[in-house]
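Next come two complexes, and both contain chain A; in the first it sits with chain B, in the second with chain C.
Let's turn to the complex of A and B:
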């Protein structure tokens, strides 16, 4: 029931977006049915395309989850992008420096370093929020610019691969690269780690004390505070957790499909993750669907160009529309609540 | 409910698209680099060459542009390879390793990578000898910077050059420029700066202004969008800039002394034509310099009136020297950075 509700809250805005997108396609002289069919084929038509979509969805699961855990306590962070960048750079740096290490040791070390870097990156805004009440939207947003600037500077200078024509580090050692699940696709074990995290989050949010505390903390912070929950500490912890998840996501992207840190490797994963989290209303299953949706759209948007004249802009418009409609509620929740109430009144029998 | 007929329809669609292409030479795909179409530079230029080549050869072609081009390298390359394309041209800098890996699995497909050398039997690498064109720009600028009676020129022998990033690919231009300038005046002062950014005109403007304040009157930029700010600064100060990649002389007429044009379009056009004529340079590295018309100075439409004939004669002499081999310009990619730039 919960999953069905999550699926519907996501699919309803998408249906509206498809209608608006169809109008835009018609206006541009394209056949919307054919374009959507092509997009479907390119996103999910066959194992290779599914693998490509899941590969593109992987970083979005991390950033989506990173946003969701913070939103849960009412901390509106936009800092996943920054944590992702520093986590990715840290993993890449160790990955091409500690070449003497065994891959079995090096890969976990890189992932750990990325996670720690992402966590620490959220420490200043977390402390500022918890101790001084400084608005986290501003601080995390500013830290994004710093993270991107700092990493770009590093790969332009000290960490630049010799002879590289663009701003990137050398490749990480081959043995530290993640195992590909369905070679030659770039879908790696990173996706499995993402799924494991989603499961852990689902379990924690329903069954653990922390899940309850954060729920109450997010819904009614003053009540939570009065009930003895340390709200500032809780906010700080969740923001750090958010940074950790995003940093791990960045590290996995480096050890996975890319194999090195490339300046501008993120297409705004952190920001798309915010849309994923809002679209999912924090539901873990919803985060998975949202991430796969955006991932599929992005990979299909690239390869559809091999087969049709649809400009990439139309795919970008679809993505943008989904983000806009993601925040709208459409009263579905109310509908579910009423339905649940009716069922309860009928003694649980389906009407 | 929506999926099944959709798959059927799109398969039919894909067949429709593929059919005419197979009739005469398999189609070609062009993968645009991260900065995307509309950059008025590298991508746009290559795309223009691609379109021209398609028109003249009758080969079918598709262009792939994606923000995910770096992370989805393998996926995009393999999709194109599976889809029956016979020639895949890749403009993305970060695709060196992916293209080498994918090309191995598709021995009957031809791959092209620009700006780097990737070994492989079915890969052609295209590199430019940017140092040669930059050398000519240096010869021209070093003469102009002390020329009396030209508005915007002071008597000090000081030039500037701004690179987008400290890398071998950019230092190639810078060293060529300095070598050219020093061939005219061994005591010339060439100020070197890196913007660490290819897309911020404000930074370019700031850096250029700082160089103009220090006595430079001509600043060469190899910094993409950041360089637009350099040209803007030249216009505001009444000084001079030197453009790069495309003919940027018209961006600030009279204030862009010349542009070091890098003919990515020529490279792409030539390769597609070779492919159409069944002469694809498999496993070869194609090096395009002055001799191949791959690099060179712009026609200087707006500045030719202020450039004296004897100055131009020296530029032409340097060009002739490079062509006949009597002048060898330092190449950072194969020779490493010279001492003065370390």
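Let's turn to the complex of A and C:
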């Protein structure tokens, strides 16, 4: 019953969104079933396509997890995008500056720098939330725009690759690049790091004290505070952790698929990550599924655009609508509760 | 030079005033609207399509209605399906941007741009003012003057009419306002329509007022600057409009400084930095008040 309920709460919004998308496709004179089938084949038909989808899913696992750890304790950050950008830029900067360093040393150093940068980026909103109770949603949203502006300025001026026309840094040293798992696809060891992080999160949330503290902190903050948990401190720590995860995700994009920092490289990874985290209701396996789904959708969309006239912007509509409907409460939980109540009543009546 | 900058500052301010007043009204009713940017984009497209071979007034009505419905639907999701307002707003922005691109491709076979023949542009009002006043104030479109007329109107409605007081009561406490017989959900949905309609007008100003064509980046994140303006203005219409004007001046100066070695990307982040600073100052002031109260009671 419980798993059925979980499945329904995830599948119901997706079904509604697919219906709305189908209506839009029909209105534009396309066969929705054929378009959806094409999307699925392009996303998951064959090893090479699956590898591409997993590669696209990698940054979304990080941003999804970044959102999930903060949401868990009731901190509604939308700042993963900003941390991702500063993390990526720090990794790229070290990656093309410290050229003399051994790759085995440089790669971890870049990842560490990205993680630290992402963490520090969340320090101001974290302190403002923990010390003064200032709404974190607005501050983290504003910090996203600041991060995008700041990094764009840096790669257009001080860090611009010599001779490059577009806004990007020089390439990261080849030895620091991550290993490709299935060339020619851009799937790198970054995906394995993402999986390891998901496992660590699954273990932590079920088996560690911190997992329990954040759980009750999110469900009942006043009870948690009364039980001796330092709620402001916990919120600050989880927001910093969220920034760290997103910063690492950005650094891995630079050392992995892109190989340098390009202004505006994120196609809204931070925002899609929020949709992933909410759809998954914080469940690590759900985050993986959601990230692969969204990653697959975007690579399939990009491929289909090359050979067909289907307005593949349908993928963006689907993404936005899933975000909206994932947070909507259709009363399913109430329906299940009433049903369970009736069953309990019936069970009590029969001897 | 100065008059030119001030003139273009007023141009840049118009969409900000419109959208931030919409956001302010929605916020007064109890919802933080992050979807202003998307609704602005929708209004810009609808206005251009209706103005092509048509009439600018019809285009304005169409833009306001379509974006108003989007704002109303968004509010429905928040009030009736208890969805998180920020996520719904962000999702709405993504969905509308996708829908706009989808429509451009499906209907016009174009990717992200739209240029239509015979666009009925917003009429400009020439004022016979002397010297610098004329240079700054003359030649603005009707919508600029409507936007500024809406500032005192909004202030008056919010503070002096029953409707405005009820709206603010619903924003202050949904539970208490429902207890005295108000309908906070309906109030928020109505305010959502107004927020959408004003954002739609802001978009229409950009497409048929300023440039006469449409592209998918036409809003340039102005919906988020508008968000910054009503946060900065702490929900007071005149203060919000003043912030919008400040951001408009930034924008105009920034365009002037481009190509002279000034970092445009950094200047563009100023509104966002200011929001964080203001929130910080407000938070510090609130804590000082709380401490003062505690001290006087102790």
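By definition in this document, the second predicted complex is superposed on the first by the 318 of 351 C-alpha atoms of A that agree within 3 Å, B and C clash if a C-alpha of one lies under 4 Å from a C-alpha of the other, contacts with A are read in each partner's own complex, and residues count from 1 in each chain.
Everything below uses one rule, namely that a residue touches a chain if its C-beta (ideal position, glycine included) is under 8 Å from a C-beta of that chain, and two chains touch if they have at least 3 such contacts.
Keep in mind it's a predicted model, so treat the numbers as computed, not measured.
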Quiz item: Given the superposition on chain A, are chain B and chain C in a clash or a fit?
Solution: clash
Practice problem: Scan A:278 for contacts with chain B and chain C and give back first, second, both or neither. | Solution: second
Quiz item: In the superposed arrangement, which partner chain does A:320 touch: chain B (first), chain C (second), both, or neither?
Solution: second
Quiz item: A:24 contacts which: chain B (first), chain C (second), both, neither?
Solution: second
Quiz item: If you stack the two complexes on chain A, which partner ends up touching A:150: first (chain B), second (chain C), both, or neither?
Solution: second
Quiz item: Does chain B (first) or chain C (second) touch A:137, or do both, or does neither?
Solution: second
Quiz item: Thinking of the overlay built on chain A, is A:262 touched by chain B (first), by chain C (second), by both, or by neither?
Solution: first
Quiz item: So, does A:168 touch the first partner chain B, the second partner chain C, both, or neither?
Solution: first
Exercise. May I ask you to decide whether A:97 touches chain B, chain C, both, or neither, giving the answer as first, second, both or neither?
Key: neither
Quiz item: Intersection of chain A residues contacting chain B with those contacting chain C?
Solution: 152-153, 156-157, 268
Quiz prompt | Complex contact set, residues of chain A against chain C | solution = 24, 27-29, 76, 78, 124-125, 128, 132-135, 137-139, 141-143, 145-146, 149-150, 152-153, 156-157, 268, 271, 274-275, 278, 311, 313-324, 326-330
Practice problem: Could you pull out which chain C residues touch chain A in their complex? | Solution: 32, 34, 77, 81-84, 86-88, 90-99, 101-102, 105-107, 221, 224, 227-228, 231, 263, 265-266, 268-269, 272-273, 275-276, 279-280, 282-284, 286-287
Self-check item: chain A - residues contacting chain B, complex
Solution: 33-34, 36-38, 40-42, 44-45, 48-49, 52, 55-56, 59, 152-153, 156-157, 160, 162-168, 171, 184-186, 253, 257-260, 262, 264-265, 267-268, 298-299, 301-303, 305-308, 312
Quiz item: Where on chain B is chain A touching in the complex?
Solution: 2-3, 5-7, 9-11, 13-14, 17, 29, 34, 62-76, 78-80, 82-83, 85, 93-94, 97, 101-102, 105, 115-116, 165-169, 194, 196-197, 333
